[in-house]
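Below are two complexes that have chain A in common, paired first with chain B and then with chain C.
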Partner chain A sequence: MIKINNLDFAYKNTQVFRRISLEFEKGNIYGLLGENGVGKTTLLKLICGLQKPQYGEITVDGFTPSMRQPQFLQNVFFLPEEVITEDTTPEKFIQKTGVFYPRYDFDLFNKLMKELEVDLSKKFNELSHGQKKKALLACAMSLQTDYLFLDEPTNGLDIPSKALFRKVISQYCSDETTVIISTHQVKDVENLIDPIVILDRDDVLLNASFSKITEKIFFEYGPERLDNAYYTEMLPGGYINVMRNVNNEESNVNIEALFNAVMKNKETIKNLMK
Partner chain B sequence: MNNTLDFNRLGKVVKHDGASFAQNLSLALIILWSIPLVIWLFSSLTPNNGHIDSYSRISIISTLGTILLIMAPARLYKYCNDSRQGIRYAMLPASSLEKFISMVFYCVIVAPVIYLAGALAIDSILAVLGGPYEGFAIADYFNDLSQFRHMVRQKMMMGEEDYTLLANCLSPTIIILSKALSTLAMSSVFMFGNMVFKKRKTGKMIGILILLFIIFMIIMVNYVANHEEQISRWFGYMNEENTAYVITRMIRVSINASLIFSAVVSVVMLWLTYYKIKTQKY
Partner chain C sequence: MDFNKNKPIYLQICDHIYERILSDEFRSGERLMSVRELGVELGVNPNTVMRSFERLQNKGIIATKRGIGFYVCENAREMILEEQKKEFIENDIPEFFKKMDLYGISFEELMKLKDNR
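So, the complex of A and B:
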């Protein structure tokens, strides 16, 4: 379990987080959403130990990430947005890296490379951006770490690859694996992520599962715009209205509409979800 | 599991870093090895088949070795503090100490030893082929040193005590220890530079060393200028009878000072390099 308590973090004069507290429970695939520059990547780096909090505490299964202890590192994998350009094949890369991870499975790597349709014979720097990302995803999954952090994983992937990405994540992540996906492309991870965390400058606006969200918020698809909605958007064939769920009605979460509703009604929805 | 030092895991880190050693350093090694060969070829082509003595050959080999020491950290570990490429290095499940030991192993031991073995082997082969290179450089070097000691003894009419002191100061053990410590110091300075600077790592570190040297020289020149009388008085104590005594002691003091300086620089720079590996942010 990841526990973030009273976290403060700033880059020189730019404050990124101010006393935020947050928890990520085991076995979930979290969607980490937020506008550009709110600190999604920074949060992932802090959880991985690549940055150190200036105040407050982060623990991952009792480990302090910034200490970068081997026992902690062998259970986490971070796939950054910008991928490596090594002069080696993914196979050689995973063979030299995998030995450090106790649950690393080379057969699974080969299987994933085939499923993701990545050319095994090519070096990283001979692969396209999307192919590199898929190769690294295969590497990450084959290490079978307890925590997997993906920063904008679908950037640069074509449409079939995005579907393959969703399939691989949902199929090969065990019940014990915690995945945090930081993304702008909410459509790419729809039906994959649950719960959702929405970050704002200095603050966490939402950290809730779909069931908790739909318990409090109702997503109404109808022919007209409703005045009492937190957010309304025109869709082909009508409107989506995001509103308070006063009648305990069931609905399906539209992540994009939810995100926009939260951004427009920060304090209201934050208080509603408490 | 020990989170600071585990020999099994250290072995894995050494193997991991070794996988890219040849790829990153082979070109530099080939170029450096080929320079004595080029010198041999050009010297062979000169009309009088110019002889190059073992001392000059050892000087060339050691200068090229210094170049290798300077460039090795940036060639082997250039990505370590890069905000993007360095993430893999930081996230590798090994302790900072294990990563540091592996870095020292490749920069201070493996790279210079491979270079030196290759350079001496090439020199020996060229010596066997004849031409401008005569005799085996390393053996001749220590022979020349021994001859130098005898020559100094004769010229300065040294007594047994002074000669023993000089012989001890210029013994193969002290020379090798001095070379090893200066190698460690040089390498550790550039390992630290590699962890501190993100771009033009080697160039910036050389610039800083030149700047420090200039500052040191300014201080020394000022000191000498302000203490001219005192220094003249010191040299005034020297006469025909005690010149050998004073010179041998000066040699001993300067060798000891250089050994201590190299050791202190090495310890400080190695500790700072380890600290940077441990606390580097990405």
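So, the complex of A and C:
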């Protein structure tokens, strides 16, 4: 479990987080959403110990990430969005990296490379952007850490690869793992991420599971725009209206519409979800 | 699997399991795929699949056995058909009648269409 309590963080003169608190529970695939520059990547870096909080505390299963204890680091992997790769094959890279991770499994690496359809004979710098991303995913997942943080993992993947990505991540998830996926491409991870965390400048606007979201919020697909909706948008064949769930009806979450509704009604929805 | 935007995913997964029971792919008394296996097959969060399984368990369509996992109950087929029939009568038939009225289709015409199928 990841616990963040009263966290402050700033880069030189730019405040990123101001007294934020949130928790990530085991056995989930979290979707971390937020506009550009709100600190999604910074949050992931803080949780895995690449940055240090200026105030407040972070604990991951009782460990303080910024202390960078080996028992903590061997159970965490962060895959950044942009990766500078070496002049080596993914296979050589993972054999070198794997030794630091007790549950690393080379057979799993080979299986994932095959599943994701990456050419095993090529070096990182000979692979296309998408292929490189998939090779790194195979590397990351073969380390079998309980904590896996992926920053924009579907950027650069072609359409079939996105479906493969959902499959392998769903496979990775167990009762003990916590996966956090930071992304702008919500369509790519629809039906995969649950709960959803929405970050704003300085603040956390939402941290809720789909079942909790649909308990409070109703997604209506209909022929007209409703005035009392938090957010409404035209879709092919009608409108989506994001409403308060007054009649206790069940609906299907549209992540994009939810995000826009939250951004337009920050305080209202924050209070509603309390 | 392509999901419909109007219905919660976990309910659509229930429908999907119904279809596979009705088509005899998942047979009564036999072990069902695990939550994880189905999650991977559909590319869906395993927690969502778990929610579907729990719903089917509450309905008595599937049940758990220690050491085996989920299996399909003996009378699952009948229960699903009963439920779907009820849904058809409650949801589809009124819409159907409405359209018959709207387009002026008589029951004689309807019977003829049925016979000529």
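To be clear about the criterion, the second predicted complex is superposed on the first by the 274 of 274 C-alpha atoms of A that agree within 3 Å, B and C clash if a C-alpha of one lies under 4 Å from a C-alpha of the other, contacts with A are read in each partner's own complex, and residues count from 1 in each chain.
Following the convention adopted for this analysis, a contact is a pair of C-beta atoms (placed from the backbone, for glycine too) under 8 Å apart; a residue touches a chain by one contact, two chains touch by 3 or more.
What you see is a predicted model, and the numbers here were worked out from it, not measured in a lab.
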item	value
First, second, both or neither for A:Asn191, with chain B first and chain C second	second
Contacts of A:His129 with chain B and chain C, given as first, second, both or neither	neither
Partner chain in contact with A:Phe210 - chain B first, chain C second, else both or neither	second
Partner chain(s) touched by A:Lys264 [first = chain B, second = chain C, both, neither]	neither
Which superposed partner A:Pro80 touches (first chain B, second chain C, both, neither)	first
Which superposed partner A:Gln71 touches (first chain B, second chain C, both, neither)	first
Contacts of A:Tyr101 with chain B and chain C, given as first, second, both or neither	first
Touching partner for A:Lys26 - first (chain B), second (chain C), both, neither	neither
Intersection of chain A interface sets (partners chain B, chain C)	none
Residues on chain B engaged by chain A in the complex (per definition of touch)	1, 3, 6, 9, 12, 15-16, 19-20, 23, 84-85, 87-88, 90-96, 98, 278-279, 281-282
Chain A to chain B touching residues, read off their complex	45, 48-52, 68-71, 73-74, 76-78, 80, 82, 84, 87-88, 92, 96-97, 99-101
Touching residues on chain C, where the partner in the complex is chain A	3-9, 11, 36, 39-48, 51
Interface residues, chain A side, partner chain C - complex	27-29, 163, 166-167, 170-171, 173-174, 191-194, 209-211, 214, 221, 250-252, 254
